[in-house]
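The structures considered in this document are given below.
Two complexes, one shared chain (chain A), two partners (chain B, chain C).
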Partner chain A sequence: MNKIMSDKKIIALYTLPALILLLILIYVPIVLTGYYGLMDWDGIGPMTFIGLDNYKALISDHLFWNSAYHSLLLAIFSVLSLIIYLAISLVLASQIKGADVFRKIYLIPMLLSSVAIAQLWMRIYHPSNGVMNRFLTSIGIENPPLWLSDTSLVLFAIFVPILWQYAGFYIIIYYAALRNIPNELVEAARIDGATPFQIAYKIKLPLISGVIKVTIVLAVIGSLKYFDLIYVMTDGGPNGASEVMASYMYKLAFRTNDFGYGSAIGFFLLILILLVTYLIRKLTTSREDNVQY
Partner chain B sequence: MKKKSLSIMTSLSLASLVVLSACGSENNTTTGTNTNNSGGTEENVTIEFMHLWPQGSSADHNRIVNQIIDEFETNHPHVTIELEVLENEQYKNKLQVISSSNQLPDVGMTWPAGFLEPYVNGELFAPLDTILDDGLRDEFVAGTVEAYEINGSAYALPLELNIAPVFYNKAIFEENGVEVPESYEEFIDVIDTLVDNGVTPIALGNRDRWTGSLWYMYLADRIGGSDALNSAIDRSGEFTDERLIDAADKIQEMVAHDAFVAGYNGLSDQEAKSEFMNNNAAMYLIGSWDLPNFTTNEEVPQDFRENVGFFKFPEVEGGDGDINSWVGGAGVGLFVAENSDVKEEAKEFVRYFIQEWGKHSVEDAGVIPGTQVNTDEVDLPDLFIDVLDELNNASNITLFADVQMSAGVAETHLNMIQSLFGNDVNPEEFAEAHEQALSEED
Partner chain C sequence: MKEKLSETSDLNVSSAKKLPPSPKVAQSSLKHKLSHSVLYLILIIVGVIQILPLVWLFLFSLKDNQEVFNLPPLALPSSPKWENYLNVWTEGNIGVYFLNSVIVTGAAVILTVLLASFVTFAITRMHWKLNKFVLGLFMVGLMIPVHSTLIPLFSFYLNIGLMDHPLAIILTYTAFNLPLTIMILLGFYYTLPRELEEAAIMDGCTVHRMFFQIILPMTAPVVATTAIINMIYNWNEFVFVNTFISSDKYKTLTVGIQNFIGQYSTDWGAIGATLVISILPILIVFVLLSNRIVEGITSGSVKG
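Right after this comes the complex of A and B.
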C-alpha cells in the first residue's frame, strides 16, 4: 500500500476524476462568470464586449450597496450569534442532565430545508393569524409590528430564523470540539479550585480556539452569499429592505435579463469572499494555534 | 403569467440552475429512422414540448394537455411528443438558461410583449404567421394575438386571456349594509364603512407586487383613459403626466383609509387570497384565472362560492376612463423554436393544440382561452358566464403594465409600486422613477 501511495503517477491517476469534476463544475463556471461580467448581455441574444463598464456601474449602484450593507449586517449578526451557540455548547458539554435531549432539539432545524423553515416562519410572522402577533395582542399590545412588511423591521425578523436554522450546525461543531478536551485537564483545574466559569474561559475556550476561528470564517462566508430563506420569505422586499447581494444578483440576471451585470456582481462577490476569508485567517492566526494535549 | 404559486421549487438557487442547464444539453432533437407502420413515407419525428403545468399544482391543465397530445399522436402516427414539465418560476429560469446555449425545445410556452422581445431579437422563435393566415387568426379574440406580435409578425399564439374584476363577498357587503360602488367616492365610503365595522375591506398580497400594480393600473385607466398609461410606456407620452401622478395619489389615499389588509406589503398573493376565501376580507382584485376557485373548485366551501360576486372597477369622477375598460391581457402562449429540426410538424402541433385547447379549456379547467368562446354552447357557472360576457363587451383591455414593459423597467415599476403602497415615496417621486427608467431604455 505504502508503495502505491508513494508512486506519483498513481496519485495523479487517483485524483484525476475528482479534479476533472471540480474543474468542470466549479472552476470553468467561475471563469465564465468573470467573462460574462465583461459583456453587455441579456442572456439570450448576442453579447457585446464592454470591458469594465459593468464594474463601474456597480460602484455607483446604490441598490447594490444597499444589499451589500444588509449582507454585512447579516455577517456581523451571524458572528455575534456564535457566542450564543458557544454558550449553549459549553453547557451541553458539561454533562448536565438531559444534555442528549437538548442536543437533539437544537439539531432539528438543521434537518429542515430552508424552504420549510421559511414557510414555517412566514406563518409565525403572519400579520393577523401568526403565532407572534396573536401572542402580542393577547398580552394587550394593540398594534403589533407587521414583521415582514415593515421596512425597518424586516431584516431583523429574517435574522431570527437564520440564527435558529444554523444553531444545530455550530453547536455540533463546538460540542464535538469541547468533548475532545481531555477530562484530566478539567479535573486538574477543578482540584486547583477553579470555578466552572474560569474553566470555560481559561481552559476550554483557548483549547478550541482553532475551531472557533473556523466557525467565524464559515459564518462570514455563509452570510455574504446567503440567499434561500430571504428569497422565499420576502423576495428582498418590501422595497429592497431585505435585499442581500446574492438575491440582488439573482434578480438582475433572471428577472431583468441583465446577465452581464448579474455576472459582474457574482464575480465581485467571489473576490469579496476570498478577500474577507484571507483577512480573517490573517487576523486570527497566531502561534498558539497548534494545541498539543 | 400571474399565477405565481409559491412552490417548493421556487427556492432553487443559482447553483441548481447550473445543474438544470447541464441536464438541458441532453435534450437534443432526435429524428428516428423510418419505421412508420402505417406504410407512409414520412419519417418518424420527435417534437419536444416544454410546459409549465405540472400535475401537482395544475392538475386540470395538465390533464387537458396530455389529452390533446394523445389525440395528436393518434392522428399523426409518425410524431412522438416528448414532454418536459416545470413549475412556473423554474420554467422561466430554465427557458433563459437554455436559450443562451440555443437548446430550446421545439415547442414551448412564453409570455407576451416585454418577455417575448429579447427572444425575438435573438432570433430564437419562429414567426407563426403562416398558420395564422390559414384561418386561425379569426378564431382569436381581437387583440390577443397582437400582444405576441413584433414588427408585424406573431412569434407565439396565446392560450389564455384574462381580465381582472374586483371580486367581493356578497354576505359581508350585506351584513355591513354596503352596496357595490359605482364611483371612486362611493368606493371610499364602502371602505370607510367596512373599516368602522371592523372588517378588512381589501385582501392584497403586495409582496408579489404585480397585485398592487393592478390597483394602480385601474386608477390610471379611470383617471387618464385607456391611453394615459400606455403612451407613457411606449414613450409617446410621459410618466410625469398629472393624471398618472393623480392615480398614484389615489393609491396612497386608499392606504390612508386602511383599505388593505394589515401587512399587505409582506403578504404573498396566495396569503391574501386565503384571507378573502376565509371570509376575512370583503374584496379582492385578481385576474379571471381565479374564477374556478370561486365557482367550480370542490375544495372550496360551497357557501363561500355562492357568496362571491364581482364588479367593474368604479369610475373616478372627472376622469377620462370608461367603466367597461379592463386591465388584463393574454397569458402564456405557444412558440416554435427557430432552429427546430421539425419546424413544420411543430407548427402543425401548435395549430392543433390552440384549437383543441380552445374547445376544452373553459369547461374542463376554467381557463379562458385566447380563442373565442361561444357562451351559449358551454355549460358553466353563472359567475363564469358573466365574466365571459363582460369580456365580449369590453371597450378596451390594457395589458398588465409589467408585461408591457421591458424586464428592467418592469422591475423598477414593481419596486416603485411596493414603495408607493408602503408610503416610502410620494406620487411625484413615483412618477419620476418611472420616467427615468423608461428614458434610460431609449
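Right after this comes the complex of A and C.
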C-alpha cells in the first residue's frame, strides 16, 4: 500500500506538469522583473546594465509617486467600503427571509468583465446623455459635473463602479462567516439583554475577525494592482489624475517601450504587495484570533 | 443535538407565555416589526442599485440613438430594436471574438482543472517528503500580481514564437489559475476516506486507474465549482489578451469589444448590444449554477 502510494515516478508525473508551468510562467518572471529593472532596455534591442539607476529614477519621478498616491487612495477607499459591506452582511445574516436571493443579486456585477463594467459606467457618467447627469438636470442642477474629465472628481467617479462591482464578493464572504457563528452564543447574549448593536459589535465582529483580516488584505492588494477598469475608462487621465501604479507601469513598458524602467515599477509593486500582506497579517494578529467556539 | 436545542427554547417560550402580555411587550414587537421592514428596505435598495445599471444597459441596447437621448433612461423603446444585435453580430468580428473566448476559456479550464487535480491528489493522498513545500510554492503564487510578470512573459513569448498565438494566453491562464484551483480542491481531497485507496490497492488497482476511475468521479462536485470559477475568470480576462494578442482573428471578447466600441463610439444601441452579448454567457451560467458560484467564491477567498 505505502509502496504504491509513494511511487516517485507517479508523484513526478502528477506534479511536474503543473509545477513547470508555475515556475516558468510565474516564478521565473518575477525574478526576471527584478533583473530587467537593472537594465536599460527597449524590449527588443540589446540590454545595457545600469545598476540601480532605474530605481533611483523612480524615487525622483513625481509621475510615479502621483500614481502610487492614487493607488493608496483606492486602497483606503476600499478598506473603508468594507464597513458598508459588513453592515449589509450583518443585516442579511440576521435571519431574514430571502437572504439567499439578495446575496446572489448582489454578486452579479462581480461576475462581469471589467471592460464591460467600464464601458457601461462610461455611459452612466456621459456628460449629457448619461443616466447620472440626466437625473441631476431633471432635479434642477444646471451644470452637473463632467465626472470622468474633471481632475478633482475622476478618482471618486472611478471608485463608485469599483464599490458596485465588489459589493457582492465581500458580502458573501462576510455572510458565510456570520452564518458560521453558533446560534447559542447570540441567543445567550440576547437573553442577557444585549441590543442587536451590542451583539454585532461585541460578539459577532470579534468572532469573524479572522475573515475581516483576510478581506482587508484582499482589498488592499486588489487596490494596489487595480488596472483594467481604469485603463478602459480614463487611461489614467485626465492629465494623470486617475493614473495608478499598474497603469503607469503598463504605459511605460508597452507604449514608450521603456521595459527596464517598467520592470523596476513591476518589481517595486511585487515587493510592496508582499510587504503589505505581511504587515497587515502581523498588525492585525491579536488575541481574538485564538477565540474558540 | 438539534432536538435538545429546540426543547430548551420551547421551555423558554412556554415560561415567557405564562406572563400576562404587558403593553411593553406589544410595543417592542411593533418596534421589532418596524425595524425588520427598515432592514428589508435597505436590502432591497442595495439590490436595486446592483441591478439597475444592467437593466439600463439592456434597455438602451434595444433603442436607437434618438430614443436613448430623448426618452427617459428607464423608458421602454417604442419598438425593441433587436436588429442592433443582428447588426453587431454580422458587421463586426463579434462572432469570431466570441468563438475565441469559448475556445481559450474552455481549453484553459480543462487544462487547469486536470493539472490541479493531479497535483492535489499527489499532495494530499500520496506519501513524499516535499509535498508541503510544493504546496507552499503554489500557495505563494496566489499573492503574485500579474502585472509584475507581464514584461518578462511578453519577452518570453516573443522569444519562443508564441506571441500573438492563443496558446500563450491558454498557458498563462492555466498557470495563474492553478493556485486558487488547488486551494479549493484541497479541502475536499482531505476529507476523502483513506479506506478508499486501501481497498482499491488490495483489489490490485493501479494509481492511475484509482485516480481516473475513483478519485476524479468522487471529486466531481468540487471540480465543477472550480471549473465555473475558472470559466468566469478566463472569460473576463483582459490584460494578458491585450498584451499578447494583436491580430483580430485571435482576440477574445473582452479585448475585441473594446476595439469595436472604439469604432462605433456614437451608436449607443450597437454598444449596448455588444456589451450584452459579451456578458450574456456569464449571466446564463449564473442563473443555472449560482449556488456553485457562491460556494466557490466563498471557499476560494476565506481560506486565503
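Note that the second predicted complex is superposed on the first by the 273 of 293 C-alpha atoms of A that agree within 3 Å, B and C clash if a C-alpha of one lies under 4 Å from a C-alpha of the other, contacts with A are read in each partner's own complex, and residues count from 1 in each chain.
Following the convention adopted for this analysis, a residue touches a chain if its C-beta (ideal position, glycine included) is under 8 Å from a C-beta of that chain, and two chains touch if they have at least 3 such contacts.
Computed from a predicted structure; not experimentally measured.
**Q** Putting chain B and chain C onto chain A via the overlay, clash or fit?
**A** clash
**Q** Can A:L146 be said to touch chain B (first), chain C (second), both, or neither?
**A** The answer is first: A:L146 touches chain B but not chain C.
**Q** Between chain B (first) and chain C (second), which does A:G237 come into contact with in this model arrangement: first, second, both, or neither?
**A** A:G237 contacts chain B only, not chain C.
**Q** In the superposed arrangement, does A:V115 touch chain B (first), chain C (second), both or neither?
**A** A:V115 sits against chain B and chain C alike.
**Q** Would you sort A:A188 into first (chain B), second (chain C), both or neither based on which partner it touches?
**A** Neither: A:A188 stays clear of chain B and chain C.
**Q** Mind working out whether A:R255 is in touch with chain B, chain C, both or neither, as first, second, both or neither?
**A** After superposition on chain A, A:R255 lies in contact with chain B alone.
**Q** Applying the touch criterion given at the start, work out whether A:L283 contacts chain B, chain C, both or neither, answering first, second, both or neither.
**A** In the superposition, A:L283 contacts neither chain B nor chain C.
**Q** Have a look at where A:P127 lands relative to chain B and chain C in the superposition and call it first, second, both or neither.
**A** In the superposition, A:P127 touches chain B alone.
**Q** Which partner, chain B or chain C, is in contact with more residues of chain A?
**A** C
**Q** First (chain B), second (chain C), both or neither: which does A:L275 touch?
**A** Neither partner.
**Q** Would you check which partner chain A:L80 touches, where first means chain B only, second means chain C only, and both and neither mean what they say?
**A** A:L80: touches no partner chain.
**Q** Please state which segment of chain B collides with chain C in the superposed model; the candidates are 5-13, 239-247 or 401-409.
**A** 5-13
**Q** Show which residues of chain A both chain B and chain C reach, each in its own complex.
**A** In chain A, residues 25, 29, 43-44, 113-115, 227-228, 231-232, 246, 249-250, 253-254, 259, 266 are touched by chain B and also by chain C.
**Q** In the complex, go through chain A and note every residue touching chain B.
**A** Going by the criterion above, the answer is residues 25, 29, 42-46, 113-115, 118, 122, 125-128, 146-151, 154, 227-228, 231-232, 234-235, 237-240, 246, 249-251, 253-259, 266.
**Q** Please name which positions on chain C make contact with chain A in the complex.
**A** Going by the criterion above, the answer is residues 5, 9, 12, 36, 39-40, 42-43, 46-47, 49-51, 53-54, 56-57, 60, 68-69, 72-73, 115-116, 118-119, 121-123, 125-128, 134, 137-138, 141, 143-156, 158, 171-172, 174-176, 178-179, 197-198, 201-202, 206-208, 211, 232, 235-239, 243, 253-255, 257-258, 261, 268, 271, 275, 278-279, 282-283, 286, 290, 293-294, 297-298, 301-302, 304.
**Q** Any idea which chain B residues touch chain A in the complex?
**A** Touching chain A: residues 6, 8, 10-11, 13-14, 18, 92-93, 96-97, 99-100, 118-119, 121-122, 124, 206-207, 209, 261-267, 271, 275, 280, 407-408, 410-411, 415, 418-419, 422, 424 of chain B.
**Q** Can you check the complex and tell me which residues of chain A touch chain C?
**A** Contacts found on chain A: 1-2, 4-8, 10-11, 14-15, 17-19, 21-22, 24-30, 32-33, 36, 43-44, 88, 91-92, 94, 96, 102-116, 119-121, 123-124, 129, 131, 134-135, 164, 167-169, 172-173, 176-177, 183-184, 187, 191, 211, 214-215, 218, 221, 224-225, 227-228, 231-232, 246, 249-250, 253-254, 259, 262-263, 266-267, 269-270, 273-274, 277.
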